[in-house]
Amino acid sequence: MYCHISIQTGGFDLAAEEAALRQHAGDAGALVVFQGMVRAHDTATPLAALFLEHYPGVTEAEIQRIASNAAQRWPLAAVRVIHRVGSLAPGEQIVLVLVASGHRKAAFAAAEYLMDYLKTEAPFWKREDFVDGSRRWVDAKASDDAAAARWG
Amino acid sequence: MYCHISIQTGGFDLAAEEAALRQHAGDAGALVVFQGMVRAHDTATPLAALFLEHYPGVTEAEIQRIASNAAQRWPLAAVRVIHRVGSLAPGEQIVLVLVASGHRKAAFAAAEYLMDYLKTEAPFWKREDFVDGSRRWVDAKASDDAAAARWG
Amino acid sequence: MNIRVLYFGRLKDTAGCSEEQLPWAGGNTATLLAQLRARGDSWAQALAEGQVFRLVVNQQVVRGEADIPPGAEVGILPPVTGG
Amino acid sequence: MNIRVLYFGRLKDTAGCSEEQLPWAGGNTATLLAQLRARGDSWAQALAEGQVFRLVVNQQVVRGEADIPPGAEVGILPPVTGG
């Protein structure tokens, strides 16, 4: 299985990533994409920016491990993960996951699995920087742990 | 909920569709995309082309109904469905579904729901035109019926 | 008075056409199916239970049976295979 | 001999830095956590059970306890919040 992981400060081009992935996806009939964006009004005080940090080296290895686990569960042709770090404004892209597979069921399941484990296993930390100047490190969500736990 | 449905012979531009959808998706934090492609080797004899026909008018209404049902189950910000008809070569795009929502769980579930019901309720018919000149209308799959049935 | 019957997918091969005008004395979707099945074995097989997904009367999808008024457009849909 | 301890997320605020050199006589991940918790209430709270997600020794994620050799890089990870 083709697998390409990037941690970067810059944005990404969905069309370019889709074209590149299909180069490596052979005769795959299904492509599922997840793109996460920074929400401005997820909190009471509006967000000025979301700051993300990570653990270089360890992050890439953990995502690789998560992708390998997914490839053991489903017949995947190609996986692409891009996760941004640094300071991101509301509306900006945070994360992109692309999964190509022969059929849609595997592609959907693997994309959701990758997102669930990216949220709960990969060493990223988010800090909310609010318009009033206050800052807060985001708490881990029990709902994310529950989402990952359902894969058993 | 914003909902835009197109049945067309031409291809589509994923990046343009993503940009257009986000214009209508407000503060949505999650975007899930499904793209289906024609497989060359899904059959014993290689495929020269996949021919798709549909029931104009009825198709659009049925997809609108499926999208409305999805919007009653999950809090969706925006939905876009493009389905191609006519003669499509292996590797070409067949179908594109985009779903924007506040959170990923709803976006994933709704995109999968839309695909399951597109496969089993929308009036499209596929014919396989093989490289040896033979042709065959595709049989409906029990696995697709089962996928749709699980939504209850 | 006639009705206009539209065929889709493999039913076009059975009918040898994509649509036809049919004299219509009145009746419902079951009447129409019975009439078409009586045309012969290939029709009876193609329109057997399980081979017909749904009928559409004047662009309205029919679940169960429905009246077919004179002048109607009736689509006969084999099981769908899109997506 | 020292070890190099890296802090992430909210633990940076507790430590007042992103990393420090710590004299190390030997021990495992539990020894290190006990030593840091003994620095005071803010440390004890920040590193309480449930506040620490995982330790990483020389870029290897530790599940359970693991030896920390002299010279090691040790990352202390609060619960992660990516994606």
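Residue numbering begins at 1 within each chain, and the chains themselves are lettered A, B, C and D in the order written.
Just so it is clear, contacts are C-beta pairs under 8 Å (C-beta built on N, C-alpha and C of every residue); 3 or more make two chains touch, one makes a residue touch a chain.
Note that the structure is predicted; figures quoted are calculated from it, not measured.
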Intersection of contact sets, subunit A vs subunit D, gives none
Per the touch definition, the chains contacting both subunit B and subunit D are A
The distance between the C-alpha centres of subunit A and subunit C, rounded to whole Å, is 48
Taking each chain's mean CA coordinate, subunit A and subunit B are separated, in whole Å, by 23
Separation of the C-alpha centres, subunit C versus subunit D, in whole Å, is 72
The positions of subunit D in contact with two or more other chains are none
Multi-chain contacts in subunit A, i.e. residues touching at least two other chains, fall at 36, 115
Residue positions on subunit C within touch of subunit B in the complex are 6, 8-10, 13, 53-54, 56, 59, 61, 75, 77-83
Residue positions on subunit A within touch of subunit B in the complex are 13-15, 18, 22, 27-42, 90-91, 102, 104-105, 107-108, 111-112, 115, 147
Listed in rising order, subunit B residues that touch subunit C in their complex are 36, 52-55, 57-58, 61-62, 83, 94-95, 115, 118-127, 137-141, 144
